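By written order: A, B, C, D and E. Residues from 1 in each chain.
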Amino acid sequence: VNNTPAPAPTATVGASTKDATLASLLPASIKSAGVIQVGVDATYAPNEYKDPSGNAIGWDIDLFNAVAAKLGVKANYNIAGFDTIIPNITGGKYDAGVSSFTDTAEREKQVDFVNYYSAGILWASAAGKTVDPSNACGLKVAVESGTTEQQDEVPAKSAACVKAGKKPIQILKYDGQDLATNAVVLGQADAMSADSPITEYAIAKSGGKLQAAGTTTDVAPYGIAVAKGSTLGTAVQKALQALVDDGSYKAILTKWGVADGGLTTITINAAANG
Amino acid sequence: MAHAERPDRAAGSPPPPGGTAPAEVIKAVRLRHPVRNLIAVVLAVYFVAFLWDASTRKAFQWDIYIKYLFDQRISAAALVTIELTVLSMAIAAVLALLLTVMRLSSNPVFRSIAWFYVWIFRGTPVYVQLVFWGVLSLIYPTLQLGLPFLPPVISFATGQALSFFALAVLGLALNEAAYLAEIVRAGILSVDRGQEEAAIALGMSWGQSMWRIVIPQSMRVIIPPTGNEFISMLKTTSLVTAVPFSLDLYARSRDISAETFTPIPLLLDASTWYLFMTSVLMVGQYFLEKRFARGISSARPEKAAAAPDTREEAIG
Amino acid sequence: MTGEVPMVEAVQVSKSFGSNQVLKSISLTVARGEVLCLVGPSGSGKSTFLRCINHLETVDAGRLRVDGTLIGYREKGDRLHELKPRDAARQRRDIGMVFQRFNLFPHMTALENIIEAPIRVNRANKAAAIVRARELLARVGLADKADAYPAHLSGGQQQRVAIARALAMDPKLMLFDEPTSALDPELVGEVLDVMKQLAQSGMTMIVVTHEMGFAREVADSLAFMDGGVVVESGDPRTVLADPQHERTRAFLSKVL
Amino acid sequence: MAHAERPDRAAGSPPPPGGTAPAEVIKAVRLRHPVRNLIAVVLAVYFVAFLWDASTRKAFQWDIYIKYLFDQRISAAALVTIELTVLSMAIAAVLALLLTVMRLSSNPVFRSIAWFYVWIFRGTPVYVQLVFWGVLSLIYPTLQLGLPFLPPVISFATGQALSFFALAVLGLALNEAAYLAEIVRAGILSVDRGQEEAAIALGMSWGQSMWRIVIPQSMRVIIPPTGNEFISMLKTTSLVTAVPFSLDLYARSRDISAETFTPIPLLLDASTWYLFMTSVLMVGQYFLEKRFARGISSARPEKAAAAPDTREEAIG
Amino acid sequence: MTGEVPMVEAVQVSKSFGSNQVLKSISLTVARGEVLCLVGPSGSGKSTFLRCINHLETVDAGRLRVDGTLIGYREKGDRLHELKPRDAARQRRDIGMVFQRFNLFPHMTALENIIEAPIRVNRANKAAAIVRARELLARVGLADKADAYPAHLSGGQQQRVAIARALAMDPKLMLFDEPTSALDPELVGEVLDVMKQLAQSGMTMIVVTHEMGFAREVADSLAFMDGGVVVESGDPRTVLADPQHERTRAFLSKVL
């Protein structure tokens, strides 16, 4: 029940048709199965989250559905914990990870990334509570386990606090972004740190319960994760580039209100290759 | 001289109801427990105050609680939780029986393997086990049945064959089997050895004496903890998010709160459903226990039965 | 003279469990230094009567006095007040009780069983309590078993320790509830011997028993109970030899 | 005619050791169990093959397993897990005693409140409860002690006063208390009522008979399930991530694997530590049980003790 | 003539539990239709000997035959083979056993207790088994208790049902292990009466008992065991009246 194929992309947005030359780039196993197994942590609205019946939706999903259609296969979304996705790709259970992965050099040691978006990090706090991300020493900051915010960004800020002789940031780790966001809404945490599209979406949806804290920083590319050296990477890259070129990429981002971070050139492993 | 004064009844005939010339019935002043009663009143007031406060406290968002209590997604998730519970308990019961037979066997290989199984599964957290089952297909991409060191007879890809639902059920069942095995074993050992001997002495086989005599009696000891395990399993399903499987009651209530930003009332909704389901199970267990105690509870030689002997009899 | 107040005086004592009236207006007296044997079929209320005397049960009607003191209640003017637990415990100290199933404390040695109550209840000096306990063990013929746990004693030995335990509180009255009926026949004699000695030393005793030989030899009187009433009572030799009532006769014909 | 043939010993004297003219000792051909033995061999081979396969399987990344097994972070986290376990069990034990006294009380207020407590805490998953304790300070920003409906006497801000560690301990303890209360109650009810009666008949107070006589004996029944609860608590601490508290064994091993992208060996590391700690506890429990069974196990009237009566005696 | 093979023949039977030798070269025979009473102090090995006859225990040395068949082993040439469980069960069918603690199946009514083995073991027709069970219940005086559960029967009634249950398998030999020692004294008589009847009907019986009256009246012979040996045996009246051995005399003086 958990592995339901995503609904076909709507006719108006992201409609794409099979491109035989791109399809030929697919690894044989995917070609014969006709399905790409995708790992996704569906707690990261609007990038990827769940519809009322529990299926993965979001602009990442829409975008990858379009990629799959270009490649002439279906995408099967496996809802997973964020920190289990990359190991499942290296282990061969998933073909791809579509879950707003920030492309980092560290992660590139494990998988290849097809970069498809440029996102920053944005903090949010409860409405009426001013938080300065560059001086958050001693505050409680909610993050999702396994994200760059948990592993790199907030720890770095906390280390700076300690260096300056101030109290460290108390990092609250949650199993999903939804829990982290709700911790701020409830007041359990003083602020949250997440990718800019997520924070912006949460602020918009929270009905005035959240406000942005500071501005977007640490802009970095998102990447679709595939096994190292897999030809799937090239296939996805080419398919995405085709979507950019024919305008359907833009259409999908615009529909979800996240066109700001759209790219014009699709690359692989931007973190290492610059 | 000790003697019965006024033997005012003809011996041999039962006394008339109520007794003739009844002695004055004692209407004594009852003993009071002033301190205890004061504490009880204070506790009761606190308890009511707590409930009153909770019912008006904003943080609980009772309006949202009520709105989602019967939300179709929540009730569907409750059904999934029940499915998980029933399936994994059923599989666990079969495994547990097998393990018990192995543990009671006189063959050391059977006993060791069963012991090892129980040791591993009781020694690690079920949450961690569930995470393991989630990555099973990474460790064993294909499962092969056949003789060891020879080409496999059957082989299938675990990733395709086992959905997360199946893995959740499997993980819960394998863990539970270790606990149920202990319960079944204790139940069988609790039956008076004389019962099996009497059966054997009548010429019954070991199997017959087990099935007809020992196991029916062990049920009285097995049923209560198994009922507890069933109830406990219903709650343990809240951990299947570790697999990750996310259509159970807790996960779905979390999904809704992710949209609505109201985790507290949705936690209350989930808790209410859990409480309701476990309460139904507890009531069921009560009646089941009563049924299986039939004819057994006071089965002991007359002498012992005449005087109420253990507290349980005196109280329950 | 103290002899004028009987040790136990029951006047129309009744007791029900729910709707089941177990004691139906029982009246009897036991004088100081006397031994009363109580016999009767199972369920006739013998144990319940003993338990009432020791206030393990509370009587519903009638009056029950031990050495002149009302059991279970305090008289204040013309009203009765339930006893506080502490006062009830004080009454029980003077009454020793021996149970069918011994009820020795299994986690204590024979000696510890005996000194427990003197030390905890009477706040006796421990050394003195031990000396006294050893005397009592010697008296019941178990001087060498002081450090044995009950599980390592035979039934007869356990019951003798139980008697010593009750005696350690220096009771005025001893109650025995079928003290030998859980014993192997070989072991019955040793317990009865101890009880006989005790009777000869002048202890007031009420003994529920099926051992008619003991009753005949030791008891000063015998009461036959059935269905919650004392059907017949009197000198044991007389009652046993020539029962007046049909029920007594029927019962004795089975037991003797 | 039935008669003893060759009464070849002088009656009254014990027979010489070994017996004179011993009958030929029976050296019979032992019964074989070919099918059972075959199954046992196959199982043993499978078991060894499984271990062999696991030891060489790449997915387990044994090199990484070994590297992190004694990583300082992991062992420090194991210590935190032990702290969580010990603290919450200690608090739970105190609460459980209180609850037991309330449940055995004759006062209906005490009994109802204790029943309600046990019902709520046994009826909902501990994971969900832990989530709740995490948001406690949001629901009750200040806790106020005092008489209800009057200004509070003491009041403190929960957010400051209670760290996530404290909340984790509290959550685990409150849940556990409900289970321990049942165990203590069952233990006390298991002691033969005659024991309390004998104590009371000696003039001991209810408190004395409880402390000196009933509770020491109930330990034999209380210790085994309490040991199990202790072991189970050690494993339940893996759920404190729900609070969120993240310095325990499982959370730390997960942190490491998030950095190294090697969840399987780190799960194995955590499991190994859990298994080690629970095994130590199991051994401890074994000796504790032995100690508390002292003098009690075979305490029954001689007649019953003479014949081995229940299977447990016959086997254990 | 079948009379030539004794029903039970024990030749130098020995049995140890670990280092504890419980039976030390016991030899005795019981002829067809005879009643043997086995008496002796606790721990002397009486129960163990009965259990060996029914192959609930296996003998270590010596030979034990029932109706000419070796118990526990199969003779094949000059070697002994352990019996398969199925063959052992077949041997037990012909031997009825009655236990001290009755061991009725508590989850079955009296009738169900009796028909269980005939139906399961002998694959008897159920209707026929019920008819036969009712006959047996009538024979032990319990025609009206067919549908009662053991818990609702007195000890004496339970023991009589247990006898009926054993008789339902039409045994050649009945073993009784202290059948009345867990009973209230009032109830002993009714069980002994049933056993007396059974003896008179010609059943071969071995009875472990402390009821010397029964032994004197019913038994054809009496064996006194102590410390795993048969100290003395012979006509019950002779042995009881004039025991030859010191140990027998000491024991009898306590029991009689």
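Some observations on this one:
One rule holds for everything that comes next: contacts are C-beta pairs under 8 Å (C-beta built on N, C-alpha and C of every residue); 3 or more make two chains touch, one makes a residue touch a chain.
Computed from a prediction, not measured in an experiment: that's the story for all the values here.
Identification of common neighbours of chain A and chain D yields B. Chain centres computed from CA atoms place A at the largest separation from chain E.
Looking at which two chains touch through the most C-beta pairs, you get B-D. Inter-chain centre distance (chain A to chain C, centres taken as mean C-alpha positions): 84 Å. Between chain B and chain C the centroid-to-centroid distance comes to 45 Å (mean Cα coordinates, whole Å). Each of the following residues of chain D touches two or more other chains: 59, 135, 138, 192, 194, 263-264, 302-303, 309. In chain A, the residues that reach two or more other chains under the touch definition are 84, 87, 91, 175, 179, 186.
Looking at chain C, one finds that residues 42, 101, 181-182, 184 touch two or more other chains. By the contact rule set out at the top, the touching chain pairs are A-B, A-D, B-C, B-D, B-E, C-D, C-E, D-E. By the touch criterion given at the top, residues 33, 36-37, 40-41, 43-49, 57, 59-60, 105, 107, 109-110, 113, 116, 119-120, 122-128, 131-132, 135, 138-140, 148-149, 188-194, 196, 231, 235-236, 238-239, 250, 263-264, 267, 270-271, 274-275, 278-279, 282, 308-312, 314-315 of chain B touch chain D in their complex. Partner chain B is touched in their complex by these residues of chain E: 54, 56, 85-86, 89-90, 92-93, 95-97, 99, 101-108, 116-117, 120-121, 149-151, 153-156, 158, 162, 165-166, 169, 182-184, 187. Across the interface of their complex, chain E is touched by residues 41-42, 181, 184-186, 189, 210, 251, 254-255 of chain C.
Touching chain D in their complex are the following residues of chain E: 11-14, 21, 24-31, 34, 36, 42-43, 47, 59-63, 73, 79-84, 100-101, 181-182, 220-221, 223, 227-234, 244-248.
Listing the residues of chain B that touch chain A in their complex gives 73, 134-135, 137-139, 141, 159, 163-165, 241-242, 244-247, 252, 254-255, 257-259, 261, 263-264.
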